[in-house]
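Below is the structure I would like to discuss, written out as structure tokens.
In order of appearance the chains are A, B, C and D, and numbering begins at 1 in each one.
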Amino acid sequence: MLDDLKQRVCDANKRLVDEGLVMMTFGNVSGIDRDGGHVVIKPSGVAYDDLRPETMVVVSVADGETVEGDARPSSDTPTHLELYRAFDAIGGVVHTHSVHATAWAQARRPIPRLGTTHADHFSGPVPCTRPLTPQEIEADYEANTGKVLVEALGETDPLASPAALVVSHGPFAWGRDPNEAVTHAAILEYVARLATETVRIEPYPRPAADELMDKHFNRKHGPNAYYGQADEGETNR
Amino acid sequence: MLDDLKQRVCDANKRLVDEGLVMMTFGNVSGIDRDGGHVVIKPSGVAYDDLRPETMVVVSVADGETVEGDARPSSDTPTHLELYRAFDAIGGVVHTHSVHATAWAQARRPIPRLGTTHADHFSGPVPCTRPLTPQEIEADYEANTGKVLVEALGETDPLASPAALVVSHGPFAWGRDPNEAVTHAAILEYVARLATETVRIEPYPRPAADELMDKHFNRKHGPNAYYGQADEGETNR
Amino acid sequence: MLDDLKQRVCDANKRLVDEGLVMMTFGNVSGIDRDGGHVVIKPSGVAYDDLRPETMVVVSVADGETVEGDARPSSDTPTHLELYRAFDAIGGVVHTHSVHATAWAQARRPIPRLGTTHADHFSGPVPCTRPLTPQEIEADYEANTGKVLVEALGETDPLASPAALVVSHGPFAWGRDPNEAVTHAAILEYVARLATETVRIEPYPRPAADELMDKHFNRKHGPNAYYGQADEGETNR
Amino acid sequence: MLDDLKQRVCDANKRLVDEGLVMMTFGNVSGIDRDGGHVVIKPSGVAYDDLRPETMVVVSVADGETVEGDARPSSDTPTHLELYRAFDAIGGVVHTHSVHATAWAQARRPIPRLGTTHADHFSGPVPCTRPLTPQEIEADYEANTGKVLVEALGETDPLASPAALVVSHGPFAWGRDPNEAVTHAAILEYVARLATETVRIEPYPRPAADELMDKHFNRKHGPNAYYGQADEGETNR
């Protein structure tokens, strides 16, 4: 079942390597079949080179139980499931420990809107979650990680802010499908790197003007968007 | 029409990838046909691998209207046109979000003359524009971006200072032709990186001595230049 | 003798290059044959490309004398031997001057637990040795380097903390075999890089919560580990 | 004439690219024929890919006049000649604008001895020249650059300190032959990078203990050196 989605999830996982977002096995991508109520996700701890569509694991969105596949699903599966449950519009989720986004998570800071590269893709600062409580860490840790991500987004449209940082951990990103989720993870990493390079020069930079940031977001994603070609799908909403 | 210029603009856009100056579709190059009053520019939001000479867009310098091509021109086209209108000597313009030059733009600071690598190519600090006003952002944003660039250059010869930073945005560079514009964008990125690495070591470095900076600029670009071979064209004036 | 171990030590040395952990000849890997009391190690100052299994040097664990091989063993051999003598559970040792781990050693600071990437692999901060005394430098320098490493580990299980920094020098890492030692050296370098990128943003970051760090270490390495597949051997204990 | 030296100087120039030490044409290597009183050097402003042994330029050590070759020699030729005149033991000189060494030159600071990687190759801090006076810049600038380099070395054995920084400019390195000069330029860049990464973590790091630094230099280069193989020639004296 779900052969096409398995292929796309497998491809998206391998693309993590091409985009320079992972080392060792530190990252995973999933995709959802909303009609069937299933999520396809990378098996835990398997090297990207060894991934095949048929080794992807299928789990139930309702209870997280494995429906198909011989291997254990990624240990981060409950986090992915919380995101799918909270955000109806998303079709793919990715988690990495990419260098620059992870550094902002370790610094415990949201990524401020310092320029138009950021504003072209994110409607506001990239949020950073609150720390989990000891109780949230002790039991249902991975599901609680998903819950603080959802909490950090608040009322924001998840497709207008397609990534967030888990404090002291690393980034999650999402999109309308698995491939777009990886694109957003790659853009997040670039935006995080730009922010780091900026604070190297000016340790406490003023955020860019709101008018400029909103202009850039809206010229790509607003109702009167005029960036790109009329029929293209690469924007994030 | 303009087959040769389309080829050169297409090649210069692809060279952005080879020089490590762009990720995704964040950058564009144009070239001008002064006699015909036309500018050839990259279509908006198209991947560099998919660019072909025949997919380049031709616009009128006079009014910015598309003269030839099926795709929308780069959304930054009005910025390019302002630069061509103000600077008669230039034949190519490039815009990127390259990491280090963009970081200086996000830090809202001109790049100071810290060494001879800088002075070999730029007659003074690389200027950074003032912020646009809310009114300038609201209407004719891209054309106004060009106007503040021209304002930032002031009386400086644009070929002696072949790049500038748009504050909270990123770099524009130019040259006598599209290929030279990309060369200047690549050198700008290297000079910006050197400046960033310097402020990592010494947060507030003194600029280099004016005599040394002028010596280097003039030995390459002055009337008695003695760098390079007599017949070469790689210098910037 | 020891043909299989020579092959694995040779391969592990060459892998240092693939992992980007060495430049020139600045690094070496060894492996131990506990039954025979022999250590196989890289010859000193030989380029990685020129290494062959048969050029590996065999030394006695008991007295460090060369048992087989025409070349001098790595000048760091006595350090490796001290580690094998102190830590019964290890089967491979690696020393590099990799950029980020070496920078922490030069900064004279242990690498703090700033995030889950660190906690997934190390049970606590990565220790940094005390400086050697002038007497320890003067005589038996390389063996004394091993002794301060062992001292820095203290009561910690070496497989739960599979690397440490020699102050003003660089990292040593170890594992159950030569290949795993290199894996740990590569992960250490990534963790060190993440820590450096974090202090760029936040010069004095708070370490991550102990509960979170312990959770991550134990979900991979504790008695109820649930990361990876049940039969895999890539974890560090 | 000098076919063998031209080949080696040409190869050493091309190696600058492989070692990641140059971009565009920002670097040059020369070699000396002490018996004939000739220096072979890269032509000015020529791309590395286009270099051929027969396009190398031969100049007289005595007066700097071109003896053979159709192209202008590197504009830095008078600097090379001053180094050859002052340091009898050297056979090759290299100049680059490599990122990290240039950043230290732009920060106007010698590279301190922060660790054993440095001490393995340089007997003390890597010196940085004083600024040239306006008079020294005005006339005979390139020769005066060589003179302040020689002044910065002082009484130090040039083969025990095979590189120095020209303030606000960049590094020069040298060795017993052109290839070894490039090796030293590559090691200098690595040592400079390590120093930069260290000051990122600890802005004002204490230099490493003199006893440790001297131990490392002498175990590779002292009369009782025991690093490497007995017959090898890769050490710097």
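One rule holds in what follows: a residue touches a chain if its C-beta (ideal position, glycine included) is under 8 Å from a C-beta of that chain, and two chains touch if they have at least 3 such contacts.
In this text, all values refer to a predicted model and were calculated from it rather than measured experimentally.
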* Structure fact -> Contacting chain A as well as chain D are chains B, C
* Asked: Hey, what angle do you get rotating chain A onto chain B on C-alpha, to the nearest 5 degrees?
  -> 90
* Farthest from chain C by Cα centre, which chain is it? Let me know. => B
* Copies chain D and chain C - interface residue numbers shared by over half, same or different -> different
* Distance from the CA centroid of chain A to that of chain C, rounded to the nearest Å? -> 33
* Structure fact -> Listed in rising order, chain A residues that touch 2 or more other chains are 195, 200
* Asked: Taking touching chains as linked, do they make an open path (line), a single closed cycle (ring), a hub with spokes (star), an all-linked set (complete), or other?
  -> ring
* Structure fact -> Chains touch one another in the pairs A-B, A-C, B-D, C-D
* Using the touch rule from the top, collect the residues of chain D that touch chain C in their complex. => 114-117, 120, 183, 186-187, 190, 193-195, 197-198, 200-202, 205-206, 208-209, 211-212, 215, 219, 226-230, 232, 234
* Structure fact -> In their shared complex, chain C is touched by residues of chain A numbered 23-26, 43-46, 71-72, 75, 97, 99-100, 102-109, 131-132, 134, 137-138, 141, 168-170, 195-196, 199-200
